[in-house]
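Letters are used for the chains, namely A, B, C and D, taken in the order the chains are written, and counting of residues starts over at 1 for each.
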Amino acid sequence: MRRILKAAILGSTGLVGIEYVRMLSQHPYIKPAYLAGKGSVGKPYGEVVRWQTIGQVPKEVADMEVKPTDPKLMDDVDIVFSPLPQGAAGPIEEQFAKEGFPVISNSPDHRFDPDVPMLIPELNSHTISLIDEQRKKRDWKGFIVTTPLCTAQGAAIPLAPIFMNFKMTGAYITTIQSLSGAGYPGIPSLDVVDNILPLGDKYDAKTIKEITRILSEVKRNVNDPPLEEVALDATTHRIATVHGHYEVSYVTFKEDVNVEKIRETLENFRGEPQDLKLPTAPEKPIIVRNEDTRPQVYFDRWAGDPPGMSVVVGRLKQISNRTIRMVSLIHNTIRGAAGGGILTAELLIAKGYIE
Amino acid sequence: MRRILKAAILGSTGLVGIEYVRMLSQHPYIKPAYLAGKGSVGKPYGEVVRWQTIGQVPKEVADMEVKPTDPKLMDDVDIVFSPLPQGAAGPIEEQFAKEGFPVISNSPDHRFDPDVPMLIPELNSHTISLIDEQRKKRDWKGFIVTTPLCTAQGAAIPLAPIFMNFKMTGAYITTIQSLSGAGYPGIPSLDVVDNILPLGDKYDAKTIKEITRILSEVKRNVNDPPLEEVALDATTHRIATVHGHYEVSYVTFKEDVNVEKIRETLENFRGEPQDLKLPTAPEKPIIVRNEDTRPQVYFDRWAGDPPGMSVVVGRLKQISNRTIRMVSLIHNTIRGAAGGGILTAELLIAKGYIE
Amino acid sequence: MRRILKAAILGSTGLVGIEYVRMLSQHPYIKPAYLAGKGSVGKPYGEVVRWQTIGQVPKEVADMEVKPTDPKLMDDVDIVFSPLPQGAAGPIEEQFAKEGFPVISNSPDHRFDPDVPMLIPELNSHTISLIDEQRKKRDWKGFIVTTPLCTAQGAAIPLAPIFMNFKMTGAYITTIQSLSGAGYPGIPSLDVVDNILPLGDKYDAKTIKEITRILSEVKRNVNDPPLEEVALDATTHRIATVHGHYEVSYVTFKEDVNVEKIRETLENFRGEPQDLKLPTAPEKPIIVRNEDTRPQVYFDRWAGDPPGMSVVVGRLKQISNRTIRMVSLIHNTIRGAAGGGILTAELLIAKGYIE
Amino acid sequence: MRRILKAAILGSTGLVGIEYVRMLSQHPYIKPAYLAGKGSVGKPYGEVVRWQTIGQVPKEVADMEVKPTDPKLMDDVDIVFSPLPQGAAGPIEEQFAKEGFPVISNSPDHRFDPDVPMLIPELNSHTISLIDEQRKKRDWKGFIVTTPLCTAQGAAIPLAPIFMNFKMTGAYITTIQSLSGAGYPGIPSLDVVDNILPLGDKYDAKTIKEITRILSEVKRNVNDPPLEEVALDATTHRIATVHGHYEVSYVTFKEDVNVEKIRETLENFRGEPQDLKLPTAPEKPIIVRNEDTRPQVYFDRWAGDPPGMSVVVGRLKQISNRTIRMVSLIHNTIRGAAGGGILTAELLIAKGYIE
């Protein structure tokens, strides 16, 4: 039996932090051991946390004291999960890595460092070898691994098997995202009551940039057209849903495609986490629904086992010989953040990067 | 000075009915004279109506009695506006037309009769000549004219000038629609609280079918490719907004296009209602916004003068040489229904079809 | 070890039905064995159910076929749970009771039959002896037991210990209720988006009537004033929350009271289900929160163990010598319906009414 | 004919600022002449304002430049309206008063200065004589007048005529308030989606304090019991409505009352603004609805003429001989802020305090 590893969760009272706490409270070999916070240091976790997820704060963590974000206090910690906000995350994560900790970050700050992996374990697990380069170059005992933006994952997870197997020339994505993706306090209520909030050019651009990097790292069975020639775009919005990013993609191809072949490809898609039977790997990373009104945010965001780890795809449709439509739904704080982080940790453990 | 025309509004207590009543209460030469209803006959309009629009019930109609939907009682009525629901509308509208009334319908029942115009006055005003054919064939003194589905109008109004002037090959539309488009009681609350409701294949299909008919009737400056070769698709949804349909379109072309040329085309677009200075014609049928977070439903649905008569377009973007993105917003019960119906009436009056 | 009892759930795809299915899937000795439905007979439960609760449909029931509501087909069923809608429930429940089934009903149809218990197990468990009278009088082998309206329970559970121990003269209750209390399709979305829906005189009256009956059946330590002299009122509303009824009560007394004594009374309140350690009995039927912004619907509706079985009370405040304020929150489909029904079943089993 | 007065609106792009701009754009003798702002100085008002109200930005102000909040630049301004936020408002308003401007403030900063009137023109117009004292004491040419908190006004406007004419002993108020009352960005969306946000002890307390001051200044026809003996309480909340504060009051009396007498008193209530026929005075400050599901936020917040200036009361009910229930609805940014401010200005003009 595997040794129980102790995890520190930075930003443990935030919207992604709580999913780490909830999921690790049920994890077979990673335990929430150190709950770091900022405004609430010294207070019992259960008293200060805003538990914006299912159920109630697990009993085993409710009385744990929130502690400072300080590597010196974490002697017996084996892994550090960092869902810290942009800007704050960067230097703190470097400090932890320097001190010898494996850091799994959901923050954007190091996502585009050339020696830092940005992992969706089913898609680009081979990029974890960047860690060796990173340690060498930076002379660190620890390391940083990141996960991509939730919005990018929601589109990229189903687009990747398509891109790997068909001559995809473009993908035009319209996102309808939930509030939890922006953290708390996040989006002002008057922006989303009786309204749709466009997220603007910058958010569109970073979504496209991250999807592009993910696609650039998958192993393709077709090599045509090259990724540089693929037109990708995203039009991003938020509305008044609590969790779950919903994304409509129109996908174009260089040759005729059959949407049924694509459906099959998506249904059969598996990755290394499934082969390794990692505990947080859902049996199917992608669940395809055939009803014409699914996926729905309220009903499908918890899909998979563990809940929220499968992306649900639906409304697959042949638009023209070389164009198809696809809708995907991702639980942004689980598969798109904390769950993705835990799956990454499991992969790193399996590969010997965390002992 | 023009004679004041008397209008009957069928379904006058419904969500489109109230906009007819509100707009006609301020109209220079069409007055709400006969308010027809179903469940509330005999009661004062102001007491029974669910006024799901701006302000309060206009004083001049608040005390009017709701009356039966019976042509025999409408001796002095000059025009009949019919926003009746699908199924109910068809036979009633025929009866009124047979009795000699000009009927302007927002219902789908006669939209695809080959001798019935489906009018967006800025786009296909020449199709009103179908009325002559209709009267002859059906031996009617009156006639039926329809307006298209609000969702179809929201995309078609800005797509039409593009299709007329550029070699468009496809348009992939994702709609995020408001609740009022489904009437009352309409959408159950549990379908849209913390959820996005996909409208399914049938609704997608009728949206595409109506956009196609509209485009088939505009006067093009380019004739390539033919409409049959243009790939159109719509993925339709409703969320918890009260009024305003928001639509994201990715548009493809046979040749390179410049999005700035398209912006200019949209900004300069005018139609016959503008030439005729019809009172319900907004100065600009399409208002183009350049900010990257506009249009927004709450802030832009009342655009134009009269309010709600302009479609607001934004987030125009060059995706690739032959692909652009565009977002449009339409006030579904005004431009997409009652306002469109009144503008149609004004056109018919100007052309001598209503005296 | 106790024999596993087989339960039939009528209306199993409804909003209360799904909570029965979810809770019984985890129950130590009552199993969901027969899922009755109406529109979806013959189809797999997991495919047709609208799972408007946490998680996904439990695997053990997902493939079960929805069956007709027919006692003849339920040979091996031990208990029948009936969350059927008003009107439909009455005759069906009678038929099942006549056929020998113990029927636990969440419907209003038999709540005021003088020989039918209306149970909140912590408050009036002694009234189950009405069953003997009922069987005798009606010559039934089975019987009907009901649970009160969720809204009434939300106020009555915390009011009861106050009424039992202090000379209460009045309670003025304002409710802000969730949508699931009205079933599906239930409340039209346009009634609750950017709105508060008053439920009107009838709903107010039935809430008061049911609270009155509950209070009339508790065992009091003070007998002054008599219940007939206690002024009770409720002003009821629904808003766009999915689950959880929130109720503000102003409570008046004949003598001076100390709100801290009331807090203590509420905190220490226990009932027979706690003494009997019934599996669905929460340790504390009432959880008192001291923060001035709790309870909150999103965060407290799942309180207790099993989740949703505790009523959360807060904002206790001394208004004047003889007036206090109290806020309470109940999970309407759990404690207020399915959970209350299961707890009732456990009590009946413990008492030998179900074998 | 009256001279046109020029108004400066501080915080003109805020949620109350926009109602000042909208209402004054239609005012017979006060014009929006100077639009002050903070972040957007130098830009056209129509471009930077978040127009969270009906219609679109009026043409006459859309191109006006937003200017600094500096009395030196306001030579020709006759009145200053100040809906500035708490804390910021205080010193700025003093500066303007010192410079000779009449300042009408919706901010709390000076509401409890003993020489500053806190006006609801229908209720305590005689307190404007405090201005004389204020000017003398502070040696100011200008002066400050305030309006009360919107929440306090929503209850106090209908409670005042009751308190003036009946032996009221208590009022227990539960508020369900809208988001615009908290300004922008204001309430985080995650606090109100699928939730009710309690506003806590401080907000409750200030509501009670302001209602108390208002009642202390009305002219009573009964003097028993003294106000000190009247128990007032408020339990305050916000939910996801945009505009409109909805308040449920249980009101108790020392002697038997008849709710029909109270209904009559409310219906007949008029104040000095009605006698003076001030342009912003609604014909009826209180509109009583008799339907058991009114008022409703969406449908009644715009009641009165000008729209939003009447408080709508409903669900009047006799609870016991000495207790009644009442529901009231106020448009918080109009009657509760900008509209109340403009009515106050009109009163001050009529009384010669502004020339």
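Annotations
We take it that a contact is a pair of C-beta atoms (placed from the backbone, for glycine too) under 8 Å apart; a residue touches a chain by one contact, two chains touch by 3 or more.
All values derive from a computational prediction rather than experimental measurement.
Using the contact threshold fixed earlier, the set of chains in contact with both chain B and chain C is A, D. Of the two chain pairs shown, A-C and A-D, the one joined by more C-beta contacts is A-D. With respect to chain D, maximal separation of chain centres occurs for A (centres as means of Cα atoms). Centroids of chain A and chain C (each the mean of its C-alpha atoms) stand 39 Å apart.
Computed centre separation for the pair chain A/chain D is 48 angstrom, with centres defined by C-alpha atoms.
With touch defined as above, residues shared between interfaces to two or more other chains in chain C number as follows: 52, 193-194, 240-242, 298-299. If you draw each protein chain as a dot and join the dots that touch, every dot ends up joined to every other dot. Within the complex, the chain C residues that touch chain D are 170, 172, 174, 176, 194-201, 231, 233, 235, 237, 239-242, 246, 248, 250, 252, 292-294, 296-299, 315, 317, 319-320, 323, 325, 327.
Within the complex formed with chain A, the chain C residues making contact are 50-52, 54-56, 193-194, 298-299, 302-303, 307. Chain contact summary for the complex, chain B toward chain C: residues 52, 179-180, 184-194, 240-242.
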